[in-house]
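The data blocks that follow each hold one structure.
One chain, subunit A, appears in both complexes that follow, with subunit B as partner in the first and subunit C in the second.
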Partner chain A sequence: MGSRKLAFIGREAGGRHLPELPFGRTAAARRGLTMLSPALVLGASLAYLLLLFVVAWWADARSQQGRSVIGNAWVYALSMAVYCTAWTYFGSVGRAASGGVWFLPIYLGPTLAMVLAWTVLRKMIRIAHTYRITSIADFMASRYGKSPLLAGLVTLITVVGIVPYIALQLKAVSSGYALLTTPLGAPSTGRGSWWLDGTLYVALALAGFTMIFGTRHLDSTERHEGMVAAIAFESVVKLVAFVAVGVFVTWGLFGGPGDLFARAMAVPELKALLSPAQQGTRFAYAQWFALTMLSMLSVIFLPRQFQVMVIENVDEQHLKRAAWVFPAYLLAINVFVLPIALGGLLYFGAGAANADTFVLSLPLAAGHNGLALVAFVGGLSAATGMIIVEAIAVSTMVCNDLVMPMLLRLRRFSQRGDVTGLLLAIRRAAIVGVLLLGYLYFHLAGEAYALVSIGLISFAAVAQFAPAMLGGMYWKGGARAGALAGLLAGFALWVYTLMLPSIAKSGWWQTDFVARGPFGIELLRPEQLLGLTSLDYLTHSLFWSLLANVGLYVMVSLLRTPKARETSQALLFVDVFDRTQASRPVFWRGRAKVGDLLALTGRFLGEARAAKLFDDYARARGAPDASRIEPDARLVQFVETELAGAIGSASARVMVASVVEEDKLDMDDVLRILDEASQLRAYSKALENATAELRAANQRLESLDRLKDDFMSSVTHELRTPLTSIRALAELMVDDPDMPAGQRQQFLGIVVGETERLTRLVNQVLDMAKIESGHAEWHNSEVDLVALLKQAGETVHELLRERGAELVMQLPARVPMLRADPDRLMQVLMNLLSNAAKFVPAQGGRVELRLYAGAEGATVEVQDNGDGVPAAQHALIFEKFRQGGDAWNRPQGTGLGLPICRQIVEHFGGRMELRPDTGQGACFVFTLPWNSRPEPAPPGASMAADGDRA
Partner chain B sequence: MRSGLLRQRLLGLFALGLLLFNFPLMAVWDRDVLLFGLPLFPSALFFAWALLIAALAWLLERAPD
Partner chain C sequence: MTIKILIADDEPNILISLEYLMKREGYEVHIARDGQEALDVVRRERPRLVLLDVMMPRKSGFEVCQELRADDAVKDTLVLMLTAKGRDTDVAKGLAMGADAYVTKPFSTKDLVQKVRELLAPTTPGA
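Right, the complex of A and B next:
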């Protein structure tokens, strides 16, 4: 290996003046055996196609079991990579060999497009899925008033623009096959009879595959799981194969990228490829920009890209990952383009071999036949992937937008019953037709052009869709006439400035009109129109065609008053994100019969499918069965949308109009319907808000109800305890009439005590209820707090003395008068003080009562030197029936004292809390503002305030 | 609001890409220099490309559903 490498590099260094040697002979001289047997190559190709079948079959089977394999973002991204065709696989290397970095704009453009995918592509997907749009022609037709004319025109442009591209794929496979199987050095035998031409059979095999996985059944969403899985698989194959060749060239033939580039830089021609500025010629930035823009548009508007990205999309969210994985794939498949191109140029000598086939010829010349075969299979997968998807997309268009409109005019057709079989037959015929057209083109013009130019011509054709498509998505003013005029002008200029010259240059049309202009008129030379000479032919064509296209689209749209249907469709497309299914306006007025619509649906989708659709619709609308559906505008729209999925929106419109009696809508009707829909939307929004408010209110009620229940159970529990002991003691006394008088007296004492406790409890519950409901009576007057506190101190003095505790009062001489109910305040003070008395220690108890006069109000503190309240219970003690202490060690009391105190203080606009930071004992603090609430609040307001606290 | 922000960020990224891949920023890299044995001009283009993809991935992957 090493010695051979050295040998040919030695030849390179000394013998670069030998490029005129045919590549075959130099290579043959280097290696003995440099061909593969045709049987091996054919066998491998066949095996690969079979594998593709298996993958597609498996995916279809899985999807029928409901375990779809294509429902994830990675498969979605890989299916997008159908963008990389044989043109990428072989042509990029060819382009790099002649122009250095010039293969890149074709992939930088899509990367830029993908940056905007989340915005633009997502809208396209939403529109297509909402209105059951199945092709790019249908998209345009539907947007511009369901115009069959526009759909037909778009289809025609697509077919004319895409056939050369399909031919290009066939050419790549065919020349790859020839390269592998022709003995190197032997003279090319030339092409044999057509029935011996393998390319024809490749085309037919692909037609078969496409028919099986593209048109197995008629589906109103036009999704093809098996096909998508196969395409994703092909994307993996071509990437792996290309990278394998790249790695082989870089590390197998050379000593790594450093070595490869160092050798390339040593050759002046190759050095010029890598740093164009050094070449002395100006880098054509205008063309670079044009190519970037062109590929940016193509990656969205090529029929196969639209098919996999928009139609086959399963979930909009997949776009998030696919939008960066797809560009990353493009980057990965391009990393080795330059190394392979430079490697080929160094290995064979510049101009010695066709650079388009370096991917095959390099491994072959180095004697790695296996790798060459893998490389060929990679190229085959790139070509077949493109052909399959393109054929499905184009056949849908041809069927729905060219053949159907014509069929609908025939009387015999309208008398036919179920036409689903006919529809499938038309699609299959269209697939075969498109592939045979491609084969024919390949036969007639295939030899004339390098791969890259053919691809770019197709790109330029589909770029003509961009103004009307993007305009239609974002500009409500875009009109049918404008779209038609723009498309026609753009297409005409594309034919004149790009297509005709390419035919002329291919040599089978002897003419000098490219060089001298038609009839010798210099100004009309197709590649220098109006004397514009400073642009290359592609940029030139793109400039004129898009200028005319955009110009006419905008101008005609502005000049014409739009029709009602165009306006209604424009609204539905542009505002697709603004409306939900239910609030979307239905632009239809008239009368229909359910039976007619059902029969119509059955004709195009099959009886069973139609019956199921109607049953589902009935269920969704709350009707008992299909016959009881109300035949309103929404049903008509539903049927039309379902039909659109099968036969295109323009044809669906015609068919629906034929079975219903409809009123013609004018502009005012459209605006009125829109207005109604907007009102409906406003109503539904208001309804939603009201529902939310109700739900919140209900939740609050429920929680209040729960609180009430808790309260009730606490009260009954508190009542039962004293009642039980009263009853027990009373029974004892009844049962034992001879009870000693002393004991009887003791029991009666307990009964009296318990009764008092009961009375207190009932009073407090009533008190609490009164305060909470706002029905309590407040007798407000000017209160002297100092006097009040002194009075309270005197009242509890005896109680404290019994417990052996002392009361310490710290009162200022005087404080301002406060407006409040003195009895209620006294109630608060007594409660706090007696509470404190309960918790002081038996020895050395001490209760402090303090009053401070602040700027805002008066603060009263009651502190004891007991054990204090555990931190965990700070929040609880102000709740009803939550006393300090655990269940076994509850002090005497009802558990309502503190809650009532707090209610009273809060009634006067104050706050009550347990001071958290005292070193020892509990310290209750309440503040009362000087200007407390002027007068008792009305009951309602008080209740609301209580509710808020709850 | 947040989805609106994502859209603006993507638009900004698009503008950045357009600038990086075109004249005159591209001309800055068009030099006869080797960087780690690789020619600067293509390497810079690939590097800018990778950077753009990384930024796009970062923006989209952290966007909420």
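Right, the complex of A and C next:
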């Protein structure tokens, strides 16, 4: 990659020639030699920026009405696509044109990171929200004992690493503009005086936008709804524009992807480009791995990604959707990279035009000025999105972690009252400063070839944050000294092996030390350190810097005893999911005054905000007003957290320490506080568990109570019905002594029948109650099922004969013995058989009794040839008081027979069911396992089970 | 002219006793064994009064009562609900559905006859 021609966007545009195109598009191409007027391009850019303002303004307005547009996983996922900068937009095509599939790892990495490491992100979000973290520098500083030194170092690395990346964006916009407005045949305007002011103007306009939406107010959560909405909108714009160009190239200039790839394969250079291992060399696995890992790390640790993914996240749940939407976005924006690259190479001829500009120059050359303008706006949106978010993130870091600590040392500052205005001014100045630095870098290094690899160099810089960040989140032993040592070593090696050589190669410096090593010491050659020659320069740099970084971080952490404050912060970070806000330990001992803390908060957040915060806090703690708050450790922690949101945790720590009287904590104190907190947590957990158990028991009781009520209501109904007939008929006979004898006889017969029904009902209700309560007596013995069934058949034989029905028995000669209560089984059989007898037709009635012996147990079937049970009643037939069939045809049923049968069978570990749709008649089946283990059912348990079935 | 009464109940023995009782009182008695049949008979025979059991197959007494009240042709039919569920909520529900009177099972034949007479009284002046 280092060997490729790196000029980003063509200064040599004027020098390029258009070859005679092989497929008759020359005329169109010649028409395309026109250019766009500067006024049009400037106007479109300005209009686009205005539109961005409108989107951001609208989102801010909505947010103030409480109808936030960014409380949405889609917007969140789209805002993540700020990852795709102008470098993606123009550079991917350039990379693909020279390296084939080598543009891919930069997008595979983030995809892998989102899929594999979303839990890491979730933890990061939880930590950042809980402790009001405002930036990646703040995150690290806070974790390692709120160390201002660490915050400053991280900020410094970020600025050094990111400024060139911003310059790259500015350059992309300005070169794109130059390409659009310079006639294709005309000599380039070169380094003209007015145009440079144009880039400056772009930088300043973006600074203005960033200031308006990034630092309008000081927020202790550092969230910017308008900015996020605008970024999500930009992500849509750049995707649409890029895909539009891709579609145009693939189907407009060529006959679809098939045609395009077929033509490419016909050109030997392009064919070589498409094979993974180029120029006969082996596929560079190490480099592929390094690039993928690098982009995995940078998608999490780049300041702008940390800003949109962690700081601006409104709901952890959004992460789940973003975990696939963002990778899908990356896929979509990469689909047309190869087609555009190949299309450009075929159209202009290999090496004839700058591949980085294909996105613009292809539509332009084909005479589609409108599309070229759209493509330019897409590139503009990619660049502006990156610049805005990066500037906000970096300015927050510069303000909180570089400027504030210095200000805090000044005596004048400590005497100032409200400093909120000053804070905003510092951030605004930082935004302008960062953008001007970017502009300056672009201005000075604009010609330098190093610019293109700046993207990767920046990636490598932020990758240095990974060990201390990840270690800090998962390893309590990670210490401040280790983080500092690792970062310093990693950063130093990054400068030596990556930054300096790239500067040297840009021609500003002699390249001797790259080729031969400083002072001619070969072992110290920056790109082959200690004789490591087998890696390309980026993999090489990454290897050494991360090796030193991780090694020192771990070793120093293990060697040094951490301070109490580091230990307490480590606990708070690593165990962030274990504790709720209330049970989180507060590592502070000392004396404070509410008035001092209120005044301090007022200085940084404004007096009105501070008063409201204290009032809310008082209410939450049950105090009548702010003056009655207990000035305890929790209040101190509350104030410190709120301040951290505005000025960073390290500065907040210093400020709070300045107004309270603190006791120094040692390790024992930390452990004791932690112990108290865990006890508190254990108590509250035990209490929660007990409450949950009580609630469950209560619910169970309530449902049992309902079941009992239903049962009683049904029993009452069943008792009253026969009583009604008995009473009415008896009264009729009493009233009419002269009733004809036949009539009287009929009535008396009914009365006798109904009393029998009552008796049966009472017996069965008692039986049921006994079984259900577990008080039934079971006289178990070895049962021979064949003999039992024969006996049942004989008993029921007479009943069946009366109804003109026959009984058919299908029994095997012998089955294993079964342990059960023979009387209870007989009860089941009699119930099923007499039931069957009730439902057989008057003519040709037939009841079958079958027994099968299986491996697990015995199966008994009782089938009649009646009308069967309607499908609608299948589910109800085993419920209490639900009788099958017509009411008219159930003279003897109580509605408890089948439920009792099922209870008995289940007592022996078996199952009873109505075989679904046998075609003819009803078929009741029950199984009994050979090894039944009758378990005494606890009172009410089977009743509840019955209820579940209902 | 004798007054027509419909007795709707799914218990055959209750039907027998009620049929005997009402015939003894001099009414013309029709019977139905479920809710749907009750509705059909009401529309066909136009009885003055229905003795309506609540728990019946196909259509419950509540449903029958509701449909009667919604049908202009038969909405003036008097309804006396009979139920074996004597809970207050059941009584309230029956009256809300438009029943004219409510009797719980088991009932005294004298009380029932009295209630039937009361219901029919205003419409049979001079009887």
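The criterion applied here is as follows: the second predicted complex is superposed on the first by the 646 of 950 C-alpha atoms of A that agree within 3 Å, B and C clash if a C-alpha of one lies under 4 Å from a C-alpha of the other, contacts with A are read in each partner's own complex, and residues count from 1 in each chain.
The rule is short, and it goes like this: a residue touches a chain if its C-beta (ideal position, glycine included) is under 8 Å from a C-beta of that chain, and two chains touch if they have at least 3 such contacts.
Being a predicted model, the structure only gives us computed values, none of them experimental.
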item	value
Contacts of A:327 with subunit B and subunit C, given as first, second, both or neither	first
Contacts of A:114 with subunit B and subunit C, given as first, second, both or neither	first
Touching partner for A:686 - first (subunit B), second (subunit C), both, neither	neither
Which of subunit B and subunit C A:523 touches, first, second, both or neither	neither
First (subunit B), second (subunit C), both or neither touched by A:732	second
Contacts of A:717 with subunit B and subunit C, given as first, second, both or neither	second
Touched partner set for A:750, first subunit B, second subunit C, both or neither	second
Partner chain(s) touched by A:54 [first = subunit B, second = subunit C, both, neither]	neither
Which partner, subunit B or subunit C, touches more subunit A residues	B
Subunit B versus subunit C as contact partner of A:101, first or second or both or neither	first
Footprint of subunit C on subunit A - complex, ascending	713, 716-717, 720-729, 731-732, 735-736, 743, 746-747, 750, 753-754, 886-888
Subunit A contact footprint on subunit C (complex, rising order)	10-14, 16-18, 20-21, 24, 33-34, 55, 57, 84-87, 104-110
Residues of subunit A that touch subunit B when the two form their complex	100-101, 104-105, 108, 111-112, 114-116, 118-119, 257-258, 261-262, 265, 271, 274-278, 283, 285, 288-289, 292, 317, 320-321, 323-324, 327-328, 331, 334-335, 338
Sites on subunit B touched by subunit A in the complex	6-7, 10-11, 13-14, 17-18, 21-23, 26-27, 30-34, 36-42, 45-46, 49-50, 52-53, 56-57, 60-61, 63, 65
